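Look at the two complexes coming up: subunit A is in both, with subunit B in one and subunit C in the other.
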Partner chain A sequence: MFDLEGTVQAEVLWADRDGGEAKFTTRFPFSLPLETAFSNTVAIVGLMMPLSDAVPIRITLRYRGHEDDTLTPGLDSNVGRYLALYYSNDVDTEPVFIPSGDLSLLETEGSFAGIRLDMGRPEVVALADALTEALNGTSDPDGGEWGRVLVVGGITL
Partner chain B sequence: MSRTKIIRSVVPEPPYNSALVCIPIAAVPFTLGALVIKSQKYWYASPEDWHRGRKLLASFGKALLMDCAQPIVDAIDRVYNLLDAGLNGTERTAIGTGTELDPYVYDPAIPQVVEPSAFGSPGLRHYTRASARLLDNLVTGGTSDEAPGEAIPNAKLEAIRLLLEAMGGEDGPTFEQVAQVIAILGA
Partner chain C sequence: MAFVMDGDWVATVTFRDRDNNAATFQFRLPDTLDRDAGLASLTAVANAAAAISDAAVSDISLSQSWYNDAYNPATVAEASDVERKGVFQFRTASRAISTFQIPSILNTKVIDGTETINTTDAAVIAFQGAMLNTLLGAGNSPVTAYGEDYTAVHGAPYKRHRGSKRG
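This part shows the complex of A and B:
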């Protein structure tokens, strides 16, 4: 479905004393293992530091793929809206946003018709399970362990 | 040229209190959209405030989509019906699916105040009242709708006891004494 691009892009974000930020970018061959690409980037950052009085604050590795044969977006498609999926555990809630959520996936009856995600739809169940499985064992941006299930979802406007 | 001053938010530490509030459901998607914008790092005074803010707004977004109040009201109605049927014997039917467009409708309607005299059979209150009247009948010898037959009051039983005491002897009761017992019982 997607073609992998041949290079991995390594981005290093640097910060100055006034809170300003600037990005340094380098590349590696796609065949390089992730851990090696990361450690190589760290090594490069270490060699850059004597040449700069700013400080590195973040490394981002981008493995990219692109789609040549793109489909035609739906008539109602609009990336300005999202389908917000709320995953919860006993401690907190983590949202997952799907750009331009399909309006036909929303409830059609009741008070929340046209607003709330129909949790009974098989495509919703499939995605919810896949995300839970894929994210299990990872951390959310706040450092919380991912161990959540989809509780509810709705459209944002 | 004026520049807008952005006030970056400081987010309080948990725990957070909650309250049950009413909101227009039509406002939910717009509110969710606003929460997405406000969840961005830009609006917060520090990364820690941003993290707390994200979590707080995510829990709020989830709550906006969970209509907790109406199910609570419906549950209270169900408990009322259970008690009304058990205590008063009220038989009630309900139609609807419990949504805003198709709410539960009870027949007969749930009254604001229960009629004190509406103790239909076979409710617990009916049986309790009937039992009390039956006991009352035993003492007074009276009758009631719940106990239409005449009971044997204590006074009659006492008279029979005294008579049986007086019958002591080897020959047993005489015909006249048995006739007296029957007369006391009213047969």
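This part shows the complex of A and C:
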């Protein structure tokens, strides 16, 4: 389970003439709706602008949570190793990389043994379902919505 | 100038391995989801992802961004420099102190012969009022990571130079 922070982090990125960037970060109560937290941030930015000759270029509101149990990573865990899952909507494919994939989920027979994800494993099916639901309705770079299905996965570095 | 929403929520899950190295897995969620639905969806995916990894999921985050639609690098003031900071400090009733830095503070807001920012300047007063629980109204002003309101200015604000991303 995740403990959500009781605040939303508001980050404002500023740019100068030379392309230098710096971030101003503050927080608002979690209880504020997104729209209110955004308008309050804009209000703060509006009051900062007369004090600065840089330009605010981006506002990001970030909600964060932390695992509340102390979990022990596996002995062989290594976040430099990934499981790559490829989602497709028949037009385009998007990779999703899961750090330190569990090697016991790879196929154990055939020419792809130890390389390709065993798509029949319940853990893989559960993630595929959760991701497919999450990714449905997200936008492609042109703003169009697409649905995706998990087509293949495997180990990568 | 207006801030325009980027679109989808960006969801991030952070994993840590046995050596405490961290790596993230990121995906997008539809902007049609409200915050709570987005957090629920992120949590579901994070838990499912944790089940196929032997690293431990330590953190999650869900963010939404807006960009300045009028930004043109060529029109930013020539004298601007984000490494020139205006440093302001505020404290809470429990005397927790937070520091905020305004990038590229105008030199005209600094008292000549010092590095001290002029606290009688109307724009400085307005900014400090917004950070305290006065200008934006109770419950709307910034808070600490523990959700405490800022109740007072702490010390005199000043100018200093400090490195930033891409200087």
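Here is the rule we go by: the second predicted complex is superposed on the first by the 150 of 157 C-alpha atoms of A that agree within 3 Å, B and C clash if a C-alpha of one lies under 4 Å from a C-alpha of the other, contacts with A are read in each partner's own complex, and residues count from 1 in each chain.
Rule of thumb we're sticking to: a residue touches a chain if its C-beta (ideal position, glycine included) is under 8 Å from a C-beta of that chain, and two chains touch if they have at least 3 such contacts.
Just so it is clear, the model here is predicted, and its values are computed rather than measured.
Superposition of the two structures on subunit A shows subunit C fitting alongside subunit B with no clash. By the document's definition of touching, neither partner reaches A:108: not subunit B, not subunit C. In the superposed model, A:116 makes contact with subunit B only, not with subunit C. When both complexes are overlaid on chain A, the residue A:156 reaches subunit B alone and has no touch with subunit C. Touching more residues of subunit A than its counterpart among subunit B and subunit C is C.
Once chain A of one complex is fitted onto chain A of the other, the partner contacts of A:53 are limited to subunit C, with no touch recorded for subunit B. By the touch criterion defined above, A:86 lies against subunit B but remains apart from subunit C after alignment on the C-alpha atoms of chain A.
Once the two complexes are laid over each other on the shared chain, residue contacts for A:95 go to subunit B alone; subunit C is not touched.
Superposition on chain A leaves subunit B and subunit C with their closest Cα atoms 11 Å from each other.
Within subunit A, the residues touched by subunit B in the first complex and by subunit C in the second are 82, 97, 143. Contact residues of subunit C toward subunit A in the complex are 3, 7-8, 11, 15-19, 21-25, 27-32, 34-35, 39, 41-49, 51-68, 71, 73, 76-83, 85-86, 100-106, 109, 123-124, 126-127, 130-131, 135-136, 139-147, 164-167.
The touching residues of subunit B, when paired with subunit A in their complex, are 25-26, 28-30, 32-33, 35-36, 39, 51, 54-55, 58-59, 61-62, 64-67, 70, 97, 99-102. Interface of subunit A with subunit C (complex): residues 2, 4-7, 10, 14-34, 36, 38, 40, 42-44, 47-48, 50-67, 71-80, 82-83, 96-103, 105, 123-124, 126-127, 129-131, 133-139, 143, 145. Those residues of subunit A that touch subunit B in the shared complex are 81-82, 84, 86, 88, 92-95, 97, 109-113, 115-116, 141-143, 151-157.
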